[in-house]
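The following blocks contain the structures, represented as structure tokens.
Look for chain A in each of the two complexes below; its partner is chain B in the first and chain C in the second.
For the complex of A and B:
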């Protein structure tokens, strides 16, 4: 699966959040593409990038409850009516659209009665409407609240969650998460030093065992539910 | 009352809608200010314009369910956090914020289940959130649907409605509408030719009479309601 990350930030190089996310990118199958603030936009090249992607990620800080101006300029220029839905061709149909949005306010601010008095979903409704128009599949938002206040364990968790958001099969079910981790474990263990490798293999064996246990439990649950439904 | 109209359109001169609205401006107390597409923004001058206005009107075509990029650039640049709510000064508090938004789709498209699948209110929720943050008073939207398909009578109505949106005392009650027309009638009659003036004076006399009648009816209605409430 090919993922395209469109980054809109007036100073990507100075943004600790964007730099952290950049350093967190999965090893392969992800294209990181920064949108320029001014200057001409090569519409055909941008449209080609979109066509090649299976999952498109819009990544930006929230400025006045929306994406920064550079994103809007890209949107107004690249997403021509003819490209998106002209002649009923819909070249983006069926691709997935995700949004990685960072905010300076905490999660609690984004709700009715909160400081910002609207949810992120409501703020980004125009983007969801674009997805709807282009027949893109909308992924649940990936918000990064107050990156500057995150602890080290929170940041480590963010790396994993971000990588999964960019590359894991949707929807985000237990089975899809498991498969995602299972696919990555061998390479992770191979990168360990010789004396760490045994621990790595132990972790892998435990993981396999727990996957089997979970599968068994899931089957049992399904059987119980089926019996209940039959009553 | 001083009204500031901020116009964001990539080609104002080529837009028949914007040119029509420009020609429809009331004679006085309105500043028409076009936002540039590129080039530097004089932040202090823009902020001074906002401070001087009693009513601020954002006027733009809807591009991808939001204002065009030039507006977002202006917003991101001029509305600094420090200006809008720094030190709890709120220089825009109590001013009115209106939005004149033109669309290429009909009114019926903007509802759940409509072609666009979201209301204009929902699309412009980010602007309402800005108004909330700046303690501005949000005016109901002024949408202009499919200007190109309007008939002459519809366009004449648009001139009046637009002028009222820019200058009439809010809220848009019958009394406020009456007062707005009454204040303009003498100047309109004065502009008529000598042989039309008598007709004009007849219209004015009828208008006065109907205002008096309406006032009488309103009083009667209030009395009836009071009597009902006492029962």
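For the complex of A and C:
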């Protein structure tokens, strides 16, 4: 699956959040594309990038409850009416659209009665409307609240949660999570030092076994439920 | 937690602790979280199977 990450930040190089996310990118199948200093926008090239992607990620810090100006400029220039829906061809139909939004306020602020008195879903409703118009599948938001205050365990978790948001099959079920980890285990084992590799292989074998066990139990339960329904 | 899960948890944590690169460590730590989730799901499924199999109204 090809993922396109469109990064809208006025100074990506100075943003610790954006640099952290950039360093967390999965090894392959992801294109990181910065919108901040595009200069004159090559509309055809930008549209070609969109056409090639299976999943499109909009990534930006929240500025006054919206994406920064560079995103709006890109959006107004690249997402022409004809391209999105005007000729009834819908080139973006069936692709997925995700949003990675970083905020300076904590999660608790983004709710009715909270400091911001607004949910992120409500704030970003215009993007969801564009997705709907383009027949894109809207993925649940991926907010990064107050990156600067995150502890090391939280940052470790953010690395993989972000990678999964970019590349894992949705919805984010246990079965899809398991498949994502199983697919990456061989490459991760190859990165281990020689004396750790055997342990890595044992871990992978045990993990696979647990996946199979769960599948077996799920099937058994489905059969029992079916029999119960028939009574 | 069964002894197998306990063993798996320990092995993964040991691997995680030995990774010099942050993103590599993150992978193993996250795998450990999925393994914990697997154990919970296993117990829930097994519990539901037991519950549905041993219903007194079907005796």
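Convention: the second predicted complex is superposed on the first by the 223 of 231 C-alpha atoms of A that agree within 3 Å, B and C clash if a C-alpha of one lies under 4 Å from a C-alpha of the other, contacts with A are read in each partner's own complex, and residues count from 1 in each chain.
As a convention for this text, contacts are C-beta pairs under 8 Å (C-beta built on N, C-alpha and C of every residue); 3 or more make two chains touch, one makes a residue touch a chain.
These figures come from a predicted structure and were not determined experimentally.
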After superposition on the shared chain, which partner residues are touched by A:63: those of chain B (first), chain C (second), both, or neither?
-> first
Would you sort A:172 into first (chain B), second (chain C), both or neither based on which partner it touches?
-> neither
Taking the superposition as given, does A:96 touch the first partner, chain B, the second, chain C, both, or neither?
-> neither
Between chain B (first) and chain C (second), which does A:23 come into contact with in this model arrangement: first, second, both, or neither?
-> second
What is the contact status of A:34 with respect to chain B (first) and chain C (second): first, second, both, or neither?
-> neither
Between chain B and chain C, the one with more contact residues on chain A is chain C
When the two structures are overlaid on chain A, which partner does A:203 contact: first (chain B), second (chain C), both, or neither?
-> second
Just chain B (first), just chain C (second), both, or neither: which does A:160 touch?
-> second
Common interface residues of chain A - those touching chain B in one complex and chain C in the other = none
Which chain C residues qualify as touching chain A in the complex?
-> 4, 7-8, 11-12, 14-15, 18, 22-31, 33-35, 37-38, 41-42, 45-46, 48-49, 52-53
Listed in rising order, the residues of chain B that touch chain A in the complex are 10, 38, 63-69, 72-73, 75-77, 79, 116-118, 122-123, 125-126, 128-130, 132-133
Which chain A residues qualify as touching chain C in the complex?
-> 23-24, 153, 155-157, 159-161, 174, 177-178, 181, 184-185, 188, 191-193, 196, 199-200, 202-203, 206-207, 210-211, 213-214, 217-218, 220-221, 224-225, 228
